[in-house]
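The following blocks contain the structures, represented as structure tokens.
What follows is subunit A paired twice: with subunit B in the first complex and subunit C in the second.
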Partner chain A sequence: MIYFDHAASTPLHPLALKQYCESLATDFANPSSAHRLGRSLNKRVEEVRHLFLETVAAREVDYDFIFTASATEANNTIVRWIVGGSEGKNDGRIYYSCGDHPSITESIARWGGSNNGRCVEGGGKLDDLLDDLLDGLRAVFLIQVNNSSGVISDVEKIASKIKNFCPDIYVHVDAAQSFCKIPLSLRKAEIDSVTISAQKCGGPKGVAGLYLKKKRVSTFSPLLVGGGQEHALRASTVNAPAIFAWGAAVSALGSVSELEQNYRYVTRLNDLLRAQLSAKVPVVQFPFYSCSPYILLIIAPKVASDILVRHLEEREIYVASSAACSSRVKGENKTFSAMGIANSLHKHVLRLSFSPSNTEAEILEFVKNFADIYHQLLEFT
Partner chain B sequence: MNSDTTSQKTTPDTTPYREILLNIDELSLKGANQKFFLNKLLNHLRALLKLYHPYPISIVHDHLRYIIKSEQPFEKDTLAAMSRVPGLHSFSLVRSSLLELDALLSAVKEELAPLLNSLKDDGAVVTFKVETTRAYKGFAHGSYEVSSWLGHHLLQAFPSLKVDVHKPRLLIKVKILQRQIYFFTKTIKGVGGIPSGSSGDALTLLSGGFDSPVASYLMFKRGLNQSFAFFHAYPFVGDEVLDKVLSIVKKLSAYQLQTMLYIVPFGEIQRQIVKNARPAYRTIFFRRYMLELATMLATKIAASALITGDALGQVASQTLGNLALVNQCTNMPILRPLIGFSKPEILELAQDIGTYDISVIPQDDACSLLADKHPVTNPYHAYWQHFAKNIFLQGDLEIALKTTRCLRVDWMGKVAEWPNGADERN
Partner chain C sequence: MIYFDHAASTPLHPLALKQYCESLATDFANPSSAHRLGRSLNKRVEEVRHLFLETVAAREVDYDFIFTASATEANNTIVRWIVGGSEGKNDGRIYYSCGDHPSITESIARWGGSNNGRCVEGGGKLDDLLDDLLDGLRAVFLIQVNNSSGVISDVEKIASKIKNFCPDIYVHVDAAQSFCKIPLSLRKAEIDSVTISAQKCGGPKGVAGLYLKKKRVSTFSPLLVGGGQEHALRASTVNAPAIFAWGAAVSALGSVSELEQNYRYVTRLNDLLRAQLSAKVPVVQFPFYSCSPYILLIIAPKVASDILVRHLEEREIYVASSAACSSRVKGENKTFSAMGIANSLHKHVLRLSFSPSNTEAEILEFVKNFADIYHQLLEFT
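Our next item is the complex of A and B:
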């Protein structure tokens, strides 16, 4: 099997798997319990929390880190609080891109009522547009690595720019696709909150995290209230086994050296695929450059992407697409439009995504099969 | 299910009726075979009632009419299911009385009272008419006499009633049979035709489109038990179309006791055809091999005819030339009940039988990638023969049949995987 859909979900890191299995058996108590079993779990959760803060160089005096059940929950929490309420500079506009993950765009649509000012939609790179928009902005939602295109935004630089202009403007970063892959530092404490996801970096599903600047906590409006867990910021029984598993993954992947080594390796894979595919199937388009090497979006003209996905899956090769092939479904994809892809090509988009577990042999095998399938199908048209 | 046996209370889903008078279609045409058809219909009804109405029932025969009687009132679901039983022209929700006028009157008054109360809320006067038929000629009074007598006494009993013999609001029909008198105001239309299975077994070629489900319905009316074959063109189409087809089969499964759906993998065969055939001939070659496979399958499951949704001239593959050629691929009769229908007529029927809303869902069963822009309408016979002789697809056909998936759908729409369904069943 060749699995190139790591951006959707990636297998558990072996250390995470080991930890998870052990914890499921032994770490069953509730970390909020008053007795020793609970307290010892709670202590270990705190240790994992420190690890996460260290991984992004966030100082404990500046940031809180809370565990949530998913990145979508973390994003929803921030959006609901900021957009639905009055945090950040009052009566200002909210900047985000339509190409962002739906947990941002949909929740903003849902809670960004008319009293919160107009939401500015933008495509392409945020940096260029920002100058015109800074005046009157209330909050900015950034995505460090776009989950479809792989395009990287220099969030630290942008956050600096925004804060220099007006420190009240709220800055949120979705780092679900970049955590443990692209360097991120919260040392300067300019970013107000960051979302990360376990299942995108070798951890289990069902746990994710949110960094939150301590200065903002006083006005924070929790999504979930109840037992006061996570410093009363997110009530729910803390998922100790999943947290420990994720912690095991991050201690393996989160160090700077590990990150850089993996980055270089995956860049080689990505470059190899681009080169080989361009050679064997020259019509395939690569619309984005300067992207995270972990994500590669390609456009295969003339053949619908879901037919390609099905032919590939027959050979046990798995990639992502989002088009539904039907002559009757119009198929305009808002995310793709925001990224500047022509409507006529929306049904021809494939996303490949990698992990350090992929090999060069897999890349070559993929290209061989893809070329084979593509040319065969091209003959049919 | 309403399990309260003693109280008269009805829930919104129960009707107050415990007796149903059946109007059986075409019975008079059957002559010596009457018993055969009757038995088929009554057995179908018995099985249906066992499922929907699990209380003791009796099917009473009175002067050539059949009445179903039960202690428990019938639910709306049961009546809906009965309306899909082929062979039943219609059925009436009746009340019975003894064979005397006074008994009839009091029964009618009892039935009408709550009815009138609900109708009276309009404030207006309720018009009515009594129509009597006397199947049992031995009854003391004539039909007209009964109608006038009853009408007269009803006018006295209910001041809000007024007679209107042209367009009455309430039409009270009275049927005088040999053992009892039956009267009713409600008749529910059924499917009509002849009972399920009385004409034998057929295999219906189902796509996800509007036509084939309607064709299937029309053949249910003629008493054919049907199994369904769907040709799944994976990987050119996805698996979502299977959900659509299954929904259609569930709707159609209401017309018979048990339904089998055969999902035949067709992707590889399509690939071979596309590789080897002239593009304009792709579609009719697909049709050809579908029919060959259908014939092989039908033989295995002991069906004696194929049913398709072809209508003449609707699409390119349905010209006389194409249809004639395709007919040659099989020696089984191909029944095409829609051959003379126009598209609007088909769509209307699809609405009536409830398959329109499913067929309209945009999940293609055929991949537009493979369709040629100019499919041949008048095929060149020599090429047709040449292709069949020289491109050997027999192996692919056999593999397709071997890997056919079989699902069984029961009357209530429950689906079960049926391994070995496509095996010899002679």
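Our next item is the complex of A and C:
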């Protein structure tokens, strides 16, 4: 099997799998229980929380970190609080990219009212547009790596620029696709909140997280209430086994050296794939640059990507025709439109996404099979 | 170890543990992915969804079932929709018990506005009070088994009475503590929604569920948005491995015969404990009747329950002094007050909760140790 859909979901890191199965068998108590079993689990959860703060150089005086059940929940929490008005201020504009993850765009559409949201076109990059946008800005939603295109935004630089202009402007970063893959530092404490996801970086489904600047906590409005868990910022039973498993993955993947080594390795895979594919199927386009090496969007003209996905899967090769969360959307893909891909090409897009567990042999095997299938299918068009 | 805190969280059923660890290793894809790995997971998720509908005799024409990440999320979803006004109607009163789980009471307090919620005192039972409450009623929140007291409400009977009076009144049932333990049938389709929890019945933390009457779906407002998962009723990546694990537990525990057999067995444990404890420590009180045998609240006068918990844990015996979600609340316990326990006794309450995996030998061992510790501590008071 060749699996190039790691941006949709990636296998558990072996250490995370081992930790999870051990923990599921033994760490069954409720970390909020007052007895020793509960207290001991709670202590270990706090240790993992500390690890997550350390991983992005966030000082405990600046940031809290809360575990959520999904990146969608983390993003929704911030949108509903900041945009949905529970923060108490509804004046000022919200800027975000229409190509952002739907847990940002759809929640802003739903809770943002009709007037205060402004969606910026352009492949997930607010960088260049930002100078024109600062005036009247109340909050900005950034995505460090766009889940559809792979485009990287320099969120630290953008946050600095915004905070220089006005420190009150709220800056949220969705780092679900980039955590443990692209460096992120919260040392300067200019970003107000950051969403991360376990299932995109070797952790299990069912757990994710939210960094939250402590200065903002006094006005924070939890999405889930009823129980004092997560420092009273998020209710519901603490999922200790999943947290421990994710902690094991981040211990293995989150260090600067490991991150850089994996980045270089995946860059080599990505470069190899593009070079080989350009040679064998020159008509294939790579519409984006400044991308994370972990995600490669390609356009294969004339052949529908759904058909390609089906033919590839017959050979046990798995790729995506869009992000999983919009895989059932028919017709125009709004994310692709926002990213500047012409409507006529939407049904020719494939998203390949990698992990350090992929190999050069898999890349070569993929290109061979892709070229084979593509040329066969071309004959029928 | 003797673990009598199963209402806080209970070990995974052996079949659930086996299924979960297998699934974590192999079912890593995203069930929303369009390729075969995704489609195959999605199909299996739909099969488990069907199992959950069957387990409570809910017809697919009447009910949908959605997987959430926690019972707190499921309860919050209904409160925020029905009480928080996103349903569009804010007239009429909301009735609930002040002794309900905080994911109900706190969320109503937060989103219910100041005028339309009415909290009913009395141990989690609305049954007897209901006749006086029907007039002007818009929605009622019931708890089938109160998590603190164990008191059972006949939710099917109450729902019938309410729907007889006016079919529009919304009826929600929190069955987090009772699913697979106390019979519940949705065959008559009088209950509008039901919350259930995996981690209270042999499934893992990180997954729970919500039955939702299809007639109500047209006005439904999801708590989490951004992705068409769960029939477009709840966004975020579908946690397939956790769902499969919970499905394995419910296959084993959810049948009528298994449920009845476990009920009889746990009733015997509960009866034995009360008889033995009354004989050895006659001063201990059992303040509630009409209770689930799975939960036994006791009051041990003169000795603080926190001290008892600590001494018991020294002997590897684990019980709760309150529900885990309010274990860090100091002073008056609002839930206990609502249940009619005098303030002076709040710090003498212990909650014991059982599972079919407990044994008569553990009951006898517990009573022996409890009597021993209690009499020792009495000498210091």
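As a working rule, the second predicted complex is superposed on the first by the 356 of 381 C-alpha atoms of A that agree within 3 Å, B and C clash if a C-alpha of one lies under 4 Å from a C-alpha of the other, contacts with A are read in each partner's own complex, and residues count from 1 in each chain.
Here is the rule we go by: contacts are C-beta pairs under 8 Å (C-beta built on N, C-alpha and C of every residue); 3 or more make two chains touch, one makes a residue touch a chain.
None of these values were measured; they are calculated from a predicted model.
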item	value
Which of subunit B and subunit C A:301 touches, first, second, both or neither	neither
Touching partner for A:340 - first (subunit B), second (subunit C), both, neither	neither
Subunit B versus subunit C as contact partner of A:205, first or second or both or neither	second
First, second, both or neither for A:12, with subunit B first and subunit C second	second
Partner chain in contact with A:106 - subunit B first, subunit C second, else both or neither	second
Which superposed partner A:311 touches (first subunit B, second subunit C, both, neither)	first
Subunit A residues touched - subunit C or subunit B, whichever exceeds	C
Overlapping contact positions on subunit A, where the subunit C interface meets the subunit B interface	306, 313, 325-329
Sites on subunit B touched by subunit A in the complex	234-238, 274-275, 362-364, 367-370
Parts of subunit C lying in touch with subunit A, wherever the complex brings them together	3, 5, 8-12, 17, 20-21, 24-25, 28-30, 32-38, 69-73, 75-76, 101-107, 110, 199, 204-207, 223-229, 235-242, 306, 309, 312-313, 318-322, 324-329
Residue ranges of subunit A touching subunit B (in the complex, touch as defined)	303-304, 306-307, 310-311, 313-314, 325-329, 377, 379-381
